[in-house]
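Listed after this line are the structures, all set down as structure tokens.
One chain, chain A, links the two complexes that follow: it is found with chain B in the first and with chain C in the second.
Moving on to the complex of A and B:
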């Protein structure tokens, strides 16, 4: 997908929310949708089953108005998390400018998180894309749940963030962390406007390691 | 990461934006700036070490970086190593893990000016403290300079070795306070100039009164105002009322975090519109950082004039160029043409109100069409019986136009390119915008039989805005020609002597 079109003075980016089923991808979009002034949001398309599970994908177009002279639009997509919608996930990933991986912080969901992350990398590979080159942020959702049910931030980092990308804790149902995540991925994606995208965007801002690690 | 002196080193790249020139001095930072200048001008001789402390976002890093730039500008051979404390830790760790600590130490052997940012993160890092103390001894012992920044004085850093704290405070510890009102206005004005934005009367003064706790917050406030003007305020410039409406909640704005992980807070979320506006503000800031400034200038100009109803093809073509095709000059030229069109439209509308809003008055690349319309309107209403015979006394033959020079017509009003498309091929190369009323009369007379045979042979001259020979346009263009895609566009604007202005498309 073309990020910037000088002929039409448009910046358009496609961001895909990826993650295991029930991790909160659609909830993220619903929260964002609820915060956008009515004159700025397109119709959110959500194809869901009767039990409110995403059947195909959610799509939320966001019109950010004119920024630096460019009409700036974001297209937010979610994929269905269930394993049997593999084809759909692959399709939605096509042309993505950035990916938000929404992980479920519940301890019992750890395996699903890891499988989904592996699935993401496999699907990107099938598109011929080096996963290391795609702007990616992690969101550890449901951090508001009781501590005994969830993995804390360091544990989630240890389990999932082997690429050392920006990560955000969130409670998508109530909002904290949702816009921080969107800001994080937007920053990574928009870096490409200057062709300055780094394959490992946060390689220099990683977690504290080495001498005196963990003191901050 | 760079060393300013251009030698291989271990520091971070100094941000080119952060110089003393770009640092607004006020009562809250005057002492710090003076100390920083003294150190930059004479490393190792003024205050050694210099420790600059302040709350986050008040300019510590800017000042630290400015010292590096200024010092290397004065002493190109000086080696400057600039590191964040984290980077220092990372390098030390790498050396330790490879069992090569001596190499780490050796790396600072030639450092003339050592700049360390965020020294407060020394807290609890015993190994790092020990190494830094050893380094301080070595660097200072050789008369070389150390400058550190932190969010508190050395003695207030928790869990820091007393000896190191004393060493860091032994030179001079200066703090930077919150900018006062005048400083905030100066900072905002400088940013507006840099970014080429302007607001309605009083908006900046009102924004300066907003209570902020850091320069970053002030920058965020300005970004938000810019975003509001660009994205929300479609019909009018942002004014005082908008500022007051936008910033009542600024004190409650989320604080920026130093860490990567953003933990959900129990605090209530900002109002929906505010949260989304904050997001747009952030995106605006990112876009501004990553889109080349000339594209931003062109994009904003194109967006603005499109909204005003003008054709912007020429700006759009320029936007697609690989490199800056002289955007500032092009925009200035374009805006001058718009002004010409507006004057023509006013004149035409005065004659015939039905001409208001005609497409011909909205294409700055084709002023001839607008002028033709004006000529047509004048011709339609002109009464030949009242023509003043004096109008004809200076009539010259069309063939003389090729000899027209400034000396021939020192007081000629400057007007937009000629008249009618019918005539343009014949006269535009020579007549163009610098045309006297006399020439207009000649042209009108010549054209009349073709364009409007039923109308009187002499029409009143086209009166367009008079352009002073001192106009900045006379000096703006360094190059007369540039190419856009496969279409050649020649801009041949007047030189300092007021040479004829021409444009070919």
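Moving on to the complex of A and C:
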């Protein structure tokens, strides 16, 4: 649940990047960290293995500036994607105000994406959270890879987006789609704190934002 | 002494604890890593990182405790060369809160634990009921501010 400090007019929200192993969750945070000026971010904390696989989580605190008179801070977390870190994923997911599901667009990773999405729903349920109500956006990462290796946006939508939530194509390594994804989830999370509880998110499902810019 | 709090009801218990136990840093947080109050930190971003790590330590040590003893450990103490940390949960009507504290040789783990028990009691006595999700905090037009700030943040 978002923390609101009325005395200092501060809002703090927790956003968790979820998804299968090697889908690009940590890469999203690294890109954001590299782009944001130092006075608007904290130290990026990574609890990783010796081979730089996420062991517990990555954490990046971000100052989004003043929104409707409130200083707004986002705490970005990633979970370890590998199947056997199930307990850890559940712990990191605790108290999440919003979730970014980072899917790997490679065709051979489809099964892992589906399993991870099911795992997300199961973990939310264990925390007593209705998966249909939690702010969620999908990111189809690695859309810059050669077309013969990946599923395109409509195919990814068909396979994963049964809730019809905002979805973004991305190339997290080079940046396209990372910003749009963060904006999408921030908007959904903050909408819960606004009076506009019933309006439709402006993020566009199925948009292929900036993917061509990252195509090599 | 500077105490910063998100929720006013934690200020007095935290102030008493810091004064009595003579600790150098103290953090009150939720198990999901959200800060409720702090003493001794100078940068907000350091507080957030410390909270994330404290929540992670608590979560993993609790799971380890359940595996080994069938229940979470009551607290955790690390002793460094010059500074020590103590991390323990407190049950309140607001749910479980965690307290992370750092201290040096001006005090001792025994003193810290003694006053932590008092802190726990004060939090339990002073906690209001369960928190309801905040709503109506931001104006309907918040998207304009959000888009402007994110654009500036990413220099687009």
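Assume the second predicted complex is superposed on the first by the 193 of 216 C-alpha atoms of A that agree within 3 Å, B and C clash if a C-alpha of one lies under 4 Å from a C-alpha of the other, contacts with A are read in each partner's own complex, and residues count from 1 in each chain.
Everything that follows uses one rule, which is that a contact is a pair of C-beta atoms (placed from the backbone, for glycine too) under 8 Å apart; a residue touches a chain by one contact, two chains touch by 3 or more.
The structure displayed is predicted, hence computed values, not measured ones.
In the model built by aligning both structures on chain A, chain B clashes with chain C. Look at A:186: by the touch rule set out above, it reaches both chain B and chain C.
In the superposition on chain A, contact of A:73 is made with chain C only, not with chain B. Of the two partner chains placed by superposition, only chain B is touched by A:168; chain C is not.
Of the two partner chains, neither chain B nor chain C is touched by A:85.
Look at A:176: by the touch rule set out above, it reaches chain B but stays clear of chain C.
Judged by the touch definition given at the top, the superposed model places A:14 against chain C, while chain B stays out of reach.
Looking at the shared chain after the overlay, A:94 reaches chain C, while chain B stays out of its contact range. Applying the stated contact rule after C-alpha superposition, one finds that A:3 touches chain C and leaves chain B untouched. Once the two complexes are overlaid on chain A, the chain A residues touched by chain B in the first and by chain C in the second are 4, 7, 11, 35-37, 40, 64-70, 72, 179, 182-183, 186-187, 190-194, 196, 202. The touching residues of chain A, when paired with chain B in their complex, are 4, 6-7, 9, 11, 34-37, 40, 64-72, 143-144, 153, 157, 166-171, 174-177, 179-180, 182-183, 186-187, 190-194, 196, 202, 205-207, 209-212, 215-216.
Within the complex, the chain B residues that touch chain A are 89-90, 92-94, 96-97, 121, 123-128, 227, 230-232, 258-265, 269, 272-273, 275-276, 278-280, 282-284, 286-292, 295-304, 316, 319-320. For chain A in complex with chain C, the touching residues are 1-5, 7-8, 10-12, 14, 35-37, 40-43, 45, 47, 56-57, 59, 61-70, 72-73, 75, 77, 87-88, 91-92, 94-96, 179, 182-183, 186-187, 190-197, 202. On the chain C side of its complex with chain A, the touching residues are 4-8, 30-36, 43-46, 48-49, 52-53, 56, 59-60, 63, 131, 133-143, 145-147, 149-150, 152-156.
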